[in-house]
Amino acid sequence: MTMPPLKHILEAALLAAGDALSLEHMQSLFPDTDRPDKPRLRAALLELQQDYLDRGLDVVEVASGWRIQVASGMVPWLSRLWEEKPVRYSRALLETLAVIAYRQPVTRGEIEEVRGVSISTTIMRTLQDRGWVRVIGHRDVPGRPAMFGTTRAFLDHFNLKSLDQLPSLGELRDLNELHPELDLGFPDTADAAGPDSPARESTDG
Amino acid sequence: MTMPPLKHILEAALLAAGDALSLEHMQSLFPDTDRPDKPRLRAALLELQQDYLDRGLDVVEVASGWRIQVASGMVPWLSRLWEEKPVRYSRALLETLAVIAYRQPVTRGEIEEVRGVSISTTIMRTLQDRGWVRVIGHRDVPGRPAMFGTTRAFLDHFNLKSLDQLPSLGELRDLNELHPELDLGFPDTADAAGPDSPARESTDG
Amino acid sequence: MTVEQGEARPEEAVPGEELPATVPGVRVGKEPLRELPRDLYIPPDALEVFLETFEGPLDLLLYLIRRQNLDILDIPIAAITRQYMGYVEVMKELRLELAAEYLVMAAVLAEIKSRMLLPRPPQVEDEESDPRAELVRRLQEYERYKNAAEDLDSLPRLGRDLHPATAIVPEVPRESPAPDVSLDDLLMALADVMARAEMFSHHHVQREVLSVRERMSWTLQQLNSEHFTAFSSLLRPEEGRRGVVVGFLAILELIRESLLELVQAEPFAPIYVRARA
């Protein structure tokens, strides 16, 4: 069996998988005697990326590997492909997900503390059913509440390679930065305050 | 918004759908004012076919429309793609499916009679969830049992245009399901038999 | 909490506020919120929808602050408290299901307000002295994640902005006549069953003597001419190697006598047996 060009094998494999494949998984497709090393795989994937430049396809690396996807520029042409509109997530769900993504590991109590409302079980279940969030341990406090974290599937879904590709969180400012005259008649306390007030607070749920 | 080449739109649509699209469905992607007629669609699909000639892909027409598939020459390279997470149907399920395919319309009782064992509800549900089997009527006997038949999705999956392209019952089985670890001293004859070795026999009465 | 309730009737909850025509940064769902109920007199159904767009008391407070372009660090507690209470009152009057968090926040606001109205002892000068500090911290903290949620929502994501590209993998093509069932294939099937029989061998229920003839009768009874029976089902691994051999011989004999017919679709596929009509 003569071997087709590496990039075509990878293309076929990625399209057949319809999902991201890790480099290791791609390597495993080949017999031991003829297994391309990772730099070769990367090179072939970049070649494919080049081939796709003027087409509606993308080869991208996300958390769990490489995948081929229809580029977002094509989406307007595909909007009528599906009967249903893409799922829109509620703010409650997105906020919960954001707190988990940025503060993981985090307990449900801590999420509620940040959001100021109790979190419905449905939301936690949806996030877990979608495979975006999972229990990654238990906080060593009374009740041993579960701590949640995000998964690779979460990163994959949002087209991210790793958590540090998430947009950065906004800054926390200090109350004491404030001009004294805006205060309601309180003396200026700016000098008394430490420079970095802690953003992170440990609260048990 | 400048329009990308028609063949690229169709390629993106077919790959995004991951399944066959009818020409009508493809037409519906376009606004009324700019809707390609079927000959144009066909021409674009054939162009795509040409583009794919030296790659591992193929554009083919099946019962429910056109789809992009991995070229058969590429399939051997993908044989290990799903090794890690085999989603393999049980023998019982495949037998049930085969009976339905060959004897449709057929009631559950009749399937059980053919197979000689009772059929779990899970199997019937799996087949229906999968979209391969559906209720196509009710037998006019006491209890009015549901009669099952196969669907277009079933044909598409097996790359068939119509039921009469179905091979024999036995062929529906996966060769690999035979225990490969036979070590009773028989000569290994696996190499002698190609995957294309002929098999057409009507086992049906 | 009872402190403020008499003060803020719904009608006057946000009286005379100078509202911008559109509220910067405030969105209801996807749409920027164009206008507010200035006097809170809006149809109850609409108000319910309006209030449901808030993700709790922090969100509502943030909204009240933002719509007046106020700095979060400089909340005019008295005014905000009054407005907040106004909304809470309306929610109560409409008997909307009011989450307990809203009432807790009402209490917090009332407490801050009352503390700020009290004369402060001059010696208290540390950074905790401003009773708003904790509220401001929570509001800021919440706002960060609220924005992060919006950022997250604007990331390209699968199923909405991106679609995984999938090609079908066809089955290996199969068409052409079936080969005759060869003895080799038969042996392979036997080997298969024998292998399984090995697993049962330690059971050894009984070494009953099985004659080939007896087994032939039994086999024939298992079959009929209308349906195919799996070859392997005629060999019972639990009888052990010996039982399988007897069963196999019985089948061979039945074939020789043209009482059975075997069908196999392709090499290594399961073999089926049926009685000749």
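Read from first to last, the chains carry the letters A, B and C; within each, the first residue is number 1.
Here is the rule we use: a contact is a pair of C-beta atoms (placed from the backbone, for glycine too) under 8 Å apart; a residue touches a chain by one contact, two chains touch by 3 or more.
All of these numbers come straight from a predicted model, not from anything done at the bench.
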- Task: Please give the intersection of the contact partners of chain B with those of chain C.
- Result: A
- Item | Longest centre-to-centre distance from chain B, chain (CA-based) | A
- Note on the structure: Between chain B and chain C, the Cα-mean centres are separated in Å by 28
- Message: I'd like to verify one number: the distance from the centre of chain A to the centre of chain C, where each centre is the average of its C-alpha atoms, in whole angstrom.
- Response: 17
- Task: Would you mind pulling out the distance in Å between where the CA atoms of chain A average out and where those of chain B do?
- Result: 34
- At which residue positions does chain B touch at least two other chains? 12, 15-16, 18, 57, 68, 70, 78
- Message: Residues of chain C that contact two or more other chains, please.
- Response: 163-167, 169
- Per the touch rule, the chain B residues reaching chain C in their complex are 12, 15-16, 18-20, 57, 67-70, 72, 75, 78, 113-114, 116, 156-159, 165, 167-171, 173, 175, 178-179, 181-184, 186, 189-190, 192-193, 195-201, 203, 205
- Item | Of all residues in chain C, those that touch chain A in their complex | 55-59, 71-74, 76-77, 99, 101, 105, 116, 120, 125-127, 129-130, 132-133, 136-138, 140-153, 155-167, 169
- Query: Inside the complex, what are the residues of chain B that reach chain A?
  - Reply: 1, 4, 8-9, 11-13, 15-18, 21, 25, 28-29, 55-57, 68, 70-71, 73-74, 76-78, 80-81, 83-84
- Message: Residue numbers of chain C touching chain B in their complex, please.
- Response: 163-179, 184, 187-188, 191-192, 194-196, 226-229, 233, 263-270, 272
